[in-house]
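Read through the structure below, which is laid out as structure tokens, and then see the notes.
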Amino acid sequence: MNLLELKGVHTHIGAYHILHGVDLDVPEGQVTMLLGRNGAGKTTTLRTIMGLWTASQGTVSFEGQSLVGLPTPEIAQRGIAYVPESMGIFGDLTVRENMTLAARSAARAEAIDATRLEWIFGLFPALKKFWLYPAGKLSGGQKQMLAVARAIVEPRRLLLIDEPSKGLAPSIIQNLISAFRELKAQKSSILLVEQNFMMAKALGDRVAVMDDGRVVHAGPMAELAEDEALQQRLLGLSLGAHQ
Amino acid sequence: MIRAWLSHDLPRSRWLAGALLVILVALALAPFLFPGAKALGVAAKILVFILLVASYDLLLGYTGIVSFAHTMFFGIGAYGIAIASEKLGAGWAAVGIGLAASLALSALLSLVIGLFSLRVKAIFFAMITLAVASAFQTLASQLSQFTGGEDGLTFRNPEWLQPSFEPFEDEAFGVLLDGRLFTYWGLFLVVLVLFGLLLRIVNSPFGRVLQAIRENDFRAEAIGYRTVVYRTLSNVLAALFATVAGALLALWLRYTGPDTTLSFEIMLDILLIVVIGGMGTLYGAVVGAVLFVLAQNYLQDLLAVAAGAVQGVPVLQALVAPDRWLLWLGVLFVLSVYHFPTGVVGKLRALALRQRA
Amino acid sequence: MSTPAAIPKAQFDWIPLALVAALAAAGLPLIGSPSTWLTLTVAGLAMGLIVFVIASGLTLVFGLMDVLNFGHGVFIAFGAFVATSVLGAMGVWTTSESAWLNLGAIFVAMLAAMAVAGAIGWAFERVIVRPVYGLHLKQILITMGGMIVGEEMIKVIWGPQQIPLPLPPALRGAFLVGDAAIEKYRVLAVVLGLVVFAALLWTLNRTKVGLLVRAGVQDREMVESLGYRIRRLFVGVFVAGSALAGLGGVLWGLYQQSVVPQIGAQVNVLIFIVIIIGGLGSTFGCFVGALLVGLVANYTGFLAPKVALFSNIALMVAILLWRPRGLYPVTSR
């Protein structure tokens, strides 16, 4: 069953026509990778789903209901969490405050589900260590972990994550992969934009490849992973190559 | 040839062209058409404001800069003439020196303000100019030996511009030609020429770059234009024209004080005129100035009539009291900013465009 | 997992605050007599705190929604004028010798002023500000227009002339500390200002609403992506800011012992200087900036009266040369 469906979505930003009819299915309980080179429209797609930019044409339906035209907070409240490329960390606030904010049902930090928090600390020990530090002082990798942690501090129906591994050291990336694997085990639905193909191969159940504002290929990840010629054609290099 | 004079920036609307023509003729022949001191005073004020607001339109309408320091330059021009005439004795030499000094001071100040503040965001710039203008106003009131303080300076004009100068015995068209009228026509000519110059500036390549910067300064910078330079130049030019306007006002009133030029009310008047008239059109300054000054002087009479009609009704009476004309103008201003962003001129041009289509 | 050598602990930037103390300390030798210095310092703190109360709303509104309300003075003016009416109506209380009745009357006047200013703020946001979100140029113009209309409406309701706002008997006069005369009203202003400051800090740092405001000042979009309808929050902040301005108007009017319809425009310049010095969007910066401005204004008013208004601009320039984005710039800007 598809949790999220995009059909013929066009997005204009001012005079620029970025998305030219995107068709995308995100099945429930699986990790869908969104791949493509820079400028293909991956970030725009996520932002359109999130309502940060409005689709000029086409439908975006989540659990059968249309999201187009809804204000962003409303879309978020339907159970969609968004981790933007820039991470969106509130630098002047502490890690604790960032997490409290993300936990909508918690009036104070103490009200965050303790079990869940422990689980998150298990995934990202640094967050426990720097709990009271201003988030702006964390390293890049730690900020990324915080960004992901915020998205999962409460159960969400769908996670939209934009290039989490960008600019991070390989060891941190491993950390993220483990975290996503655990989420996967819990049957979370994730739409993950990535350029790191090792990560894509390790995590993806399904894959959609974008180019020039369209989805040019969609199918099971395993299929793409075995077809080096296809990889070369779509992405310009193979998934097995050193990244 | 008219097109050349207007630097090919035509009214583009028959109504507007007609209105401008009427205004031109009315102002040129005001001494004959509207006899009496008050009417001539109104006409002179319109002339001064046309120049003042047109120079502000260069800054706001064409370059997209909001500055609250414009009255400061207006005041510098006025005080320049006043102080020079008072200290050096009345005469053309004093006027010349005063004007030159005030232009120099304005150029320097606008340059400094421009370079310092234009590197910051627009909001910052607006606030800083507000503070600077306010400080300058206080300064003018405080340095009483120099500026006459709160009372201002009264002085005499060069001989030909003095009201008592009456070279001709006979009247012309029922009006005696005296220094007052010469002053008036002097104002008229200067404003006419300088307005033409402003038209030339905004329609030149320089002017087009300003508009490009107004639209998207990021892109303008990317294409290769040093936006700081252009903005600063626009600032300086606007200041210089405002300074001349101040000098003209001083010569007309033969008096200068903090409230004739430096008050915040005048800054608000400028804003009102440029928005209601139409930003970025220059003609908006003409139409707006006429509407505003007429309203300022005659709207009160209109309101008095309305007040008479609602005599005794408590709230209504206070609302249409003649002194509250600014309230209605303020409401018009707020509506204009939101609903008629292109002002009267813009609306007329849009109408003309639709008729042609 | 690599750990950076040493992450600096959440350091509190105390330098600007120390600046206030340094300024006060520097004032002593310049002024000479300790008793005069004490009087001036209290006056400066009182004035500063009143300006803080007024400006705090403005800086939060700008920080949160990128709206600069050039018409903030409207709320100040209405607050001050409402106080004249209320205190006038409570003549028995305001002329009595009892301190309790006096304070009670002032308290009622403040509540009324805050309520009215807040209501006007709500209307102002709806009618004047909301249509021009994101359009800075139009914001500046339209909020100025709003101020013109507001000032004229005050003239319609209360008349165009100056109205006296005398202090009730219990608040007149001064405490004597050694040689120094410290005006009773100024002490009250300082206390009230600190109470407002404390309340603001507590709300911002200890409640979720405050958390939302602080986050929204940095990254509005992300707060919305987390599921919060920040527009509603904005209206709330705007109204709260207007109410505070109204309270400030009462305090300012009592400080001057009279009110004029132009009171809003008069204070406008001062509050803009304060929020620029403090850093747009920072409450603490606004606090420190206001204290600095209050002290400088009073010290120069005594030492070199002719330069008084310039002193604030000079202070602003000096601070901007040191920290171009204000004392406590907000990270995202």
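Which chain is which? They are A, B and C, in the order written, and residues in each are numbered from 1.
Convention: a contact is a pair of C-beta atoms (placed from the backbone, for glycine too) under 8 Å apart; a residue touches a chain by one contact, two chains touch by 3 or more.
Since the model is a prediction, treat every value here as computed from it, not as a measurement.
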Chain nearest the overall Cα centroid:
C
Using C-alpha centres only, name the chain that sits farthest from subunit C.
A
Distance from subunit C to subunit A - Cα centre to Cα centre, in angstrom
43
Centre-to-centre distance between subunit B and subunit A (centres being mean Cα positions), rounded to whole Å:
57
Chain centres from averaged Cα atoms put subunit B and subunit C apart, in whole Å, by 34
Taking the touch rule as given, give the residues of subunit A at its contact with subunit C in the complex, in rising order.
50, 52, 71-74, 76-77, 82, 84, 88, 90-94, 97, 100-102, 104, 107-108, 125-126, 130, 132-134, 136-139, 141, 150, 169, 171-172, 175
Per the touch rule above, subunit C residues touching subunit B in the complex are 62, 68, 70, 128, 131-132, 136-138, 140-142, 144-146, 148-149, 152-153, 155-157, 160, 265, 268-269, 272-273, 276, 280, 306, 308-310, 312-313, 316, 324
Listed in rising order, subunit B residues that touch subunit C in their complex are 64, 66, 120, 122-124, 126-128, 130-132, 134-135, 138-139, 142, 264, 268, 271, 275, 315, 318-319, 321, 323-324, 326-327, 329-331, 333-334, 337-338, 341
Interfacial residue positions of subunit C with respect to subunit A in the complex
1-4, 7-10, 208, 211-212, 214-215, 218-219, 221-230, 330-332
